[in-house]
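So, here come the structures, one by one.
You will see chain A twice below: alongside chain B first, and alongside chain C after that.
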Partner chain A sequence: MSEAINIGTIDDIDEGEARVIPAEENGTDQDIAVFHAEDGNFYALDDTCTHETASLADGWIEGTEVECPVHSAKFCLKSGTALCMPATIAARTHKVEVSGQDVLLYPAVSVVDA
Partner chain B sequence: MSIESVLIIGGGLSGFTTAKELRERGFAGMLSIIDPEGMPYDRPPLSKDYLAGSKDATGIALAPASWYEENHVTIVTGTVAALDPDAGTATLKDGRVLAADRLVLATGGKARRLSIPGGDLPGVLELRTKNDADRLRSLLAPGVRLAIVGAGLIGAETASSARGFGAEVTLVDPVEIPLVPVIGEVLATRLHAMHAEHQVRTVTGIPEEITHDARGYRLALSTGETIEADVVLVGIGITAATELAEAAGLDTDNGVLVDERGATSHPRVFAVGDSARTRLADGTLLRRAEHWEHAMNAGSSAAAAILEQDLPVHGASWFWSDRHGVHVEGVGSMHGEGEHIVRMLDGVPIAAFRLDEAGLMLGAAAIDGGLTVRAARRIIDRLIKVDALALADPATPLKKLAR
Partner chain C sequence: MSTTEHCPSEANAAIGKMRGPEHGPKNIDVSALVDTEGGLIDRSIYTDPGIYDQEMRRIFARSWLFLAHTSQFKKPGDFFTTFMGQDPVIVTMDKTKTIRAYLNSCRHRGVRLCRADAGATKMFTCTYHGWSFDLAGALKTVPNEKAYPEDFDKKDWSLIEVPRLSEYKGLLFANWDKDAEDLEDTLGDMRYYMDAMLDRDPEGTEVMGGVMKWELEGNWKLAAEQFATDWYHVNMSHASALMVMSPTGKGPKTEIVATPGRQYVSPNGHGAGFPTHPKSRFDAQAVHEHYDYEALRERLGDAAVEGPMTTGHATVFPSFSYLPVNGSIRIWHPKGPNKIEVWAWILVDKSMPDDVKDAQRLYNLRTFGPSGIFEADDGENWSEIQAISDGFITNSVPLNFQMGIGSEKEDGVYPGQTSELYSDAAGRSFYKHWSKLMNTPAWHEHPAPAPAGE
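This part shows the complex of A and B:
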């Protein structure tokens, strides 16, 4: 199990916003988007849409879903599930924990396994 | 009577979505898709990534082969020659007969040909299928002269992709600035100007004759100009494939007529996607919709209707286009009366909106404006009143206005 990365405090990412932790910082081969969902929780997915090249962190975050800003594929922030076409492949999830004020990202630790 | 089998004729997005939604909505019966091309694939990349070669056939599949196995959806490669709605059968060209409780017509459209002398020359290409894209790609090379008739979505996208091969592209359209009704004049003008910036020559005119000899093709235009080309592509829209429905006695009128559920004039037959046209309860015929998302939505509505479930609610229509490195999107309708507002950034138009008298948004379009379009769509669907000044101000994120 990989080490947690402290990506900042809970105030650093507004609700309904996201931040990208680049591959070179997160230690995986993919950029990771950390979302502050409208349920107040933090979730993380691979940033690149599974359909075509687009950053999900730039997408529309509503409830616990994100809509890709290019072709409107939607993903569940909790499970990574592709909720509608044109995406058919789930986005990879990464575990996020809030410890006090800090947001901790566990790159490559999927939520299913965690 | 419970529905035990559904046969979908056509494996484009609407046919595929009908199958996918039937399964997701709990249908456990027999489910087959018949298509001359076999496995369903996505068509938008045919003028973009697939044509360019950056996506292959696997990359544009609507679902991996395993999905069909897991979901017990049978793909029948074949062409339907005739339907018998009363019997619930489809007869294939090779003589096979398939039967089902419900038939879904997802026959799509055929590329419209130029009805001018030479318009039917065998080398005059169209772009509707994977094979069409493969053929066009095989002809593109540095210096090859490509003439494209029609500067709408497919024509403009193909022009952009062909530049990537180094082809010399001439784009011909009867109107000076295409897409004005779809995205408004200001954005359409910016987009059209991008062709020249990318060494695509744009010509305004109506083709009157195409001839071919050893030197290649010659397009004679209404303006007196002649365009010489090695390859000619025509992208002037589609005609709905209604032949099967007509021959089977279903109501058609520039499309297979359906109600809002996708039901045709025969209770056993549904129709979805580009080939279907909605007839409202009072008899009004809507315009046939040909965009990607409409095909998907129609498939999900028909699946719900077949299973007698509540129909899903679909919002304002939406489309996109990619060319010369920019992503264009439109939502709702930009055409017609109302206040037209343009959002400029550093002197360049980036978005346009159309409002009605009450301040409700009717349409929006943007270039590289992902969140703007997503916000606009919610503003339209949720009837949120917005201020024209705020829309014009690039410092006001539309997201803020949508919430």
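This part shows the complex of A and C:
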């Protein structure tokens, strides 16, 4: 189990926005997108859409889903599940915790089996 | 906010071996159809499909055309779709906040790329096979890209960018000719007349609400020419509307029908007419009360406040027109020789309080909205010209543009050449410029045909 990374405070990412933590910083082989969803919670997925190559952090966040800005595939922010075509493969999830004001990312710690 | 003075990306239409047909389309010599000295116009310029096609090539593909108002673009990704002639374009703000325009057609198999009228986006993704372009027009993703040949380079398949985009005080214009004369120079003295609408407020102007769009039977020039030159029709065509607008119980007024005024005649085909009686304006009362006329006289000069800021009309060649007092800016989109699509915006001064803006909006709708009491009169006339124009005999009888021949002069008050308010001078100049462009090869016709005798 990897170490938590403090990626900033809850005010650093507006609701409905996301931030990319690059692979070099998160220690995995993939960029990770941390989303501030419209339910007020924070979630993280691999940033690159499983369909093509777009950044999900650039996508449209609606409720607890993100829509890819390029081909409109949708993913559940909680489980990574691909919700509609053209994506068919789930996005990898990463655990996020809020501790006081701080947002903590646990790279490679899946929330699906947890 | 900035606009592209010169295209940041090279339009890259020529790929591989494709060069298009060897011989371009045949052009019609229009000098026998327009007599601007004698004030005669052959009716076929409003009906002939060959002339219409030539206008697309030699007028619309090389003139500064109105696109939109800068207030429609606030953040990267805001976009608006419109037309330049009959070519569809996307106007958008890129990540550097530069406003750019692209041909709205996918580079793959040509589908209309963006179908929405306006909105905000991160990418423009084609609905057919999913090619996707960013705000700078670059092709970013191609589904199944691995199946394309090795020399397939996404850089060769960017969106076709309109090479010139320029702003004049909030109004965005674009030109397909990368070597075109600058917008400001093309406008010339017309800027003085436009400033009476665009520069009343140090904060500038903005548009309110969406774009009103309606269709008319009629050739686009009928509308453009009328807004350049035709105060003449007002007393007849708009008699009932003028009665409605007159103060209750006061009856018809000589000051209105016999108002003095001037008409600006631009060598580049623009025109603007306006009464010069400072009291002949009939604004929305709230707008009238909002203005500090002393400050405006200071800012714009007495002549501008007593002239072009009043109830005037104007056209910027070829197809952009406006009415300052009514807060109406509009473009006449050509849709074939017989059809116009009117796109109209409501323009207000930015620092007007909300209730004044709303009064201006209602006044605009009441007078020159799609069902405005004046607008309906004008549309009827243009359609009644066009509807009968297919008659063979009808179409061979010339039209009269002789009012005020020889009346243009420098009057020492208004910049450039002006004529009387009741005059066809700006109309003759509009058609003179039109004929010149129609008879001159454009940038895309190369090599230009050699002059006779060489």
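We adopt the following convention: the second predicted complex is superposed on the first by the 112 of 114 C-alpha atoms of A that agree within 3 Å, B and C clash if a C-alpha of one lies under 4 Å from a C-alpha of the other, contacts with A are read in each partner's own complex, and residues count from 1 in each chain.
Criterion: a residue touches a chain if its C-beta (ideal position, glycine included) is under 8 Å from a C-beta of that chain, and two chains touch if they have at least 3 such contacts.
Keep in mind it's a predicted model, so treat the numbers as computed, not measured.
After superposition on chain A, the partners chain B and chain C are seen to clash. After overlaying the two complexes on the shared chain, residue contacts for A:Thr88 are found with chain B alone; chain C is out of touch. The partner of chain A that touches more of its residues, comparing chain B with chain C, is B. When the two complexes are overlaid on their common chain A, residue A:Gly8 makes contact with neither chain B nor chain C. In the superposition on chain A, A:Asp58 makes contact with both chain B and chain C. Contacts of A:Ser72 after superposition: both chain B and chain C are touched.
Among 25-33, 43-51 or 277-285, the region of chain B with C-alpha atoms clashing against chain C is 43-51. Counting contacts as defined above, chain A residues 52, 54, 58-60, 69-72, 86 meet chain B in one complex and chain C in the other.
Taken in their complex, chain A has these residues touching chain C: 52-54, 58-60, 69-72, 86.
Taken together, the chain C residues at the contact with chain A in this complex read 121-123, 125, 130, 132, 140-141, 143.
Chain B contributes residues 13, 17, 20, 42, 49, 62-64, 67, 293, 296, 318, 320, 327, 370-371, 374-375, 399 to its touches with chain A in the complex. Of all residues in chain A, only 16, 52, 54, 58-60, 67, 69-72, 84-86, 88 touch chain B in the complex they form.
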